[in-house]
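Two complexes are shown next, each including chain A; its partner changes from chain B in the first to chain C in the second.
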Partner chain A sequence: MIEPFAVPFMGRALTEIALLALICGPVSVFVFVRRLSFVSDALTHTVFPGVVIGFVAGGIEGLFAGALVAGLLTAVVLTVLTRAARLTDDAATAVVLTAMFSIGVVLVSRRTSYTSDLTAFLFGRLLTVTPRQIAETAVLAAVILVALAIGARAWLFRAFDPAGAAAAGLRVGWLDLWLNVLLALVVVAAVRAVGTILVVALLVVPAAAARMITARPAVMALAGTGLVLVAGYAGLLLSWTASLRYGVALTSASAVVLMLVLAYLLLLPVRRWRDRSFAGGLT
Partner chain B sequence: MATAALRLTGVSVGYQGRPVVTGVDLELRPGQRLALVGPNGAGKSTLIKAVLGLADILTGAATVLDQEPARARSHTGYVPQTGNLDPDFPVSVRQVVMMGRYRQLGWWRPARATDRQAVATALDRVGLTDRARDRFGLLSGGQRQRALLARAIVARPRLLLLDEPFNGVDAVSQDAIVRVLRELSADGTAIVLSTHDLTVARDLADLVCLVNGRQWAVGTPGETLTAGPLRQTYAHAALDLADGRMVLVEP
Partner chain C sequence: MILRAVVEVVLVGVLTGLIGVQVVVRRLSFFTMALTHATFPGVVAASIIGVNLLVGGVLTGAVVALGVAALTRRRGQDAAAATGVLVSGGFALGAALVATQSGFSRDLSSFLVGSILTVSRSDLAATVGVLAVVALVLAVCARPLLFAGFDPAGARAAGVRTGGWDVLLLLTIVLVVVTVVPAVGTILALSLIVAPAAAARLWSARLPVMTGLAVLFGVASGLAGLYVSAHWNVAAGASISLAATAVLTVSWTLRRLVRAVPA
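Showing the complex of A and B:
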């Protein structure tokens, strides 16, 4: 069970997943309570033009910077549209998502030579994570965890009662921008490993699954982190075993996400049992 | 010590330049209780939000504890309508009340024993000590209102604003809320509440402000909760004052 992770590329993949688990568990709690699943999905798509431009400008090494700029730009535009233009979250998200993704597709269609590389970006390359990428993820994780520690209290208040939070003196617009930027950073940190299409699972499923077993935000964050860790380990092991023993090509990132979704499905009955036993209480 | 907890002089309030309530003139002293009375859509909530600095004051002058409304937020408490809150939100009653201490706690500082004691005291005051660990959404409408009242008073505000605190509230919770409001005003806290309930306004308030797009009357309950001003405020509704009761009925 541990032997496969003695192989360097498997060890690096597990390290990358562990770093992502540390940030995705707590961040997914805020995605859950703020109902930002669609925004998260949009961010995974809106980094696409940044990736293309980054690739054109700096090759594979330019992807990170391109995604980072596009993610931050999206976070700002989304916040401005919902606050200043008074669009609903859904409408603003749809506008930004389609606009940015279209730009990405246009850019890709201009040149065909890098289509294969960018296709890999859509589904991630967990097994080819380099020590440099792990270091970059670690730096982003540290920044995200510090931002979480500072903002968690205010975000929880704002998510529960926006009017009450504003009346208490919290700047709701800035809090929204701050959380959107944080989501963009998580997407950028995770997108190379699990791809733009699957990264949304890491932002949505952990808290949704953890909510089945607890209604305490802090415990949800810890449980979400644990779930990503377990799903990461099990998914990598499954991918390894399927490839080497049975000759089945199973993408490692897809296997990790499959394990995460499986955990969610397995926990569904627990929620029903808790609802009956405790009437949905916090116990 | 502020001479007036709230002073509105010729005030019009609204959003994006569009007035919702106009011509408001009133003064509330520390320890007084003011009821904003009017039909749905009269602008009561907007007026409360303007006092909190969350809606625009388009004309006139408004001061809260001798300061601009937005600058006085550290001394004001707010109890929103519970219907706007997500009942499935994963937060306990104790955590909701602790939110009232966030201003004192700031960004970093974890809750200390004094904060936890303040939360326990506030919960005890509204009679929810035994529900502290429960999820907020599990409470009844009246209990949720009491929890939000506890959240507001845990910060020891000098001006407390309540938006329709008796909507969908059972008699037990209404009695508990009224008792706490009376205690607070006896301690010098000024109170502003919006309500449809004329009986509550008459029994609880020192001052009543009748609003419906504009201020129609302000004064003591005896001066304002009478047939003339109420008919003006409620436009087409008729008023039945039989047996000392005040009931609004469709004409």
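Showing the complex of A and C:
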């Protein structure tokens, strides 16, 4: 069960996932309590035009900068649009998502073979993660964890009691903007290595699954990180075995996502049971 | 070929406009996004087994819709998260199924951005059929759907079974999504369902007027996008979706200007 990970590229893939697990455990808690799953999904799509423009302008080096600009732009636009009352927030998110993604598609469709670019963007290249990318992820992970440590209390306050937070002098609009920016950073850090699908799963599933076993945010964050580690290990192993033994070209990103979703489904009955015993205890 | 694409765009514009109003008013955009992804494995499985793709999509979509309805009855946080899990899980499962078949990978990107220029005669027939069914359902059930949507408590008190009507609406959305996605792709489907209806909502608060405007905007953005795509040689799905966004942006700006002028 260890020896596949002695191969350098498998070891690097696991390292990348472990780094992302550190960030995504805590960040997904905020995604869960603020109901930002759709925003996370939107961000993974809206960095696409940034990636394309960055690549055209500056080659491989430009990818990161382009994605960063597009991600931050989306964070700002989404925050502003969802605070304007005329458009409901889900419709605004959907429109921003489709519009930005379409810009990206228009840009790549001018080139001859764009389908392989699109596929790479969707599934990432987890198995070709370079030491340099791992270093980039590690730096962003440090930044994000520091930001989380500073903002966690305020964000939780705002999530559970918006009126109270505003009354206590917190600026709710800025808090929302910063949280969206943080999400954008996570997406940018992860999307090139692991692809959009895995990023959405990493941002949404850990806390949603951890919520089945606990209601305390700190415990949810830890459980989420643990879950990503286990699912990452199992998913990589699954995709390795599927490709080598059975000749099924299961991408490692989809395998990890499937493991995460499996964990979520397995934990569903736990929630049921907890709710029932809790209700029984109250009456 | 171009003629077929034009007909399909008009049909899809009408269909998405009709259902879009319900989606926007009931805030089901994320559910729609989830459906576009979650029906993907069903469609792939159907094509592997060799059954009609529409049937495979509708069956998985129905399972998903019922699952969402059951999972999300209790809490808002869980609802958003469960829908997010569906988005990523559904797509990953579909991609995994695709991976078991060799030489299938170009279908993945056509799933995303669609291939409206290669729409077939049977696709057209299916769209016409679904359009008739959806229009009929929405026309016949307009009143209870409206009642259950805007005032669930009042509807329940008046003896309307809101849960049943909600499920009916979700299933209608499933039907539309499954019909539209193969022709135009997931991104354009979401765009055409949400953007014209959101634009229409800016102009009117009355459901019939909103629906009429949404249909009009949907068809117009479809035709405009197709024209742009043919003339400047860019992806058709993407330019239609950008046209729909432009309609929304223009509506939004105009409304702001109109309101800024003291009436």
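What we mean here is this: the second predicted complex is superposed on the first by the 268 of 283 C-alpha atoms of A that agree within 3 Å, B and C clash if a C-alpha of one lies under 4 Å from a C-alpha of the other, contacts with A are read in each partner's own complex, and residues count from 1 in each chain.
In this text, contacts are C-beta pairs under 8 Å (C-beta built on N, C-alpha and C of every residue); 3 or more make two chains touch, one makes a residue touch a chain.
Just so you know, these numbers come straight off a predicted model, no measurement behind them.
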Superposed partners chain B and chain C on chain A - clash or fit: fit
Contacts of A:78 with chain B and chain C, given as first, second, both or neither: neither
First, second, both or neither for A:33, with chain B first and chain C second: both
First, second, both or neither for A:167, with chain B first and chain C second: first
Touch count on chain A, higher of chain B and chain C: C
Partner chain in contact with A:156 - chain B first, chain C second, else both or neither: first
Which superposed partner A:193 touches (first chain B, second chain C, both, neither): neither
Chain B versus chain C as contact partner of A:211, first or second or both or neither: both
Overlay on chain A, chain C to chain B nearest C-alpha distance, Å: 6
Common interface residues of chain A - those touching chain B in one complex and chain C in the other: 33, 211
Interface residues, chain A side, partner chain B - complex: 33, 149-151, 153-154, 156-157, 159-161, 163-164, 166-170, 211, 214-217, 220, 279-283
Contacting residues of chain A [partner chain C, same complex]: 31-33, 35-38, 40-41, 45, 86-88, 90-95, 97-99, 101-103, 105-106, 109-110, 114-115, 118-119, 122-123, 197-198, 200-201, 203-205, 207-208, 211, 248-251, 253-255, 257-258, 260-261, 264
Of all residues in chain C, those that touch chain A in their complex: 24, 27-30, 32-33, 76-78, 80-85, 87-89, 91-93, 95-96, 99-100, 102, 105-106, 108-110, 112-113, 187-188, 190-191, 194-195, 197-198, 202, 233-235, 237-239, 241-242, 244-245, 248, 252, 255
Touch list for chain B against partner chain A, complex: 49, 52, 54, 73-74, 76, 78, 80, 84-86, 89-92, 95-96, 99-100, 102-103, 105, 107-108, 133-135, 137-138, 148, 151, 161
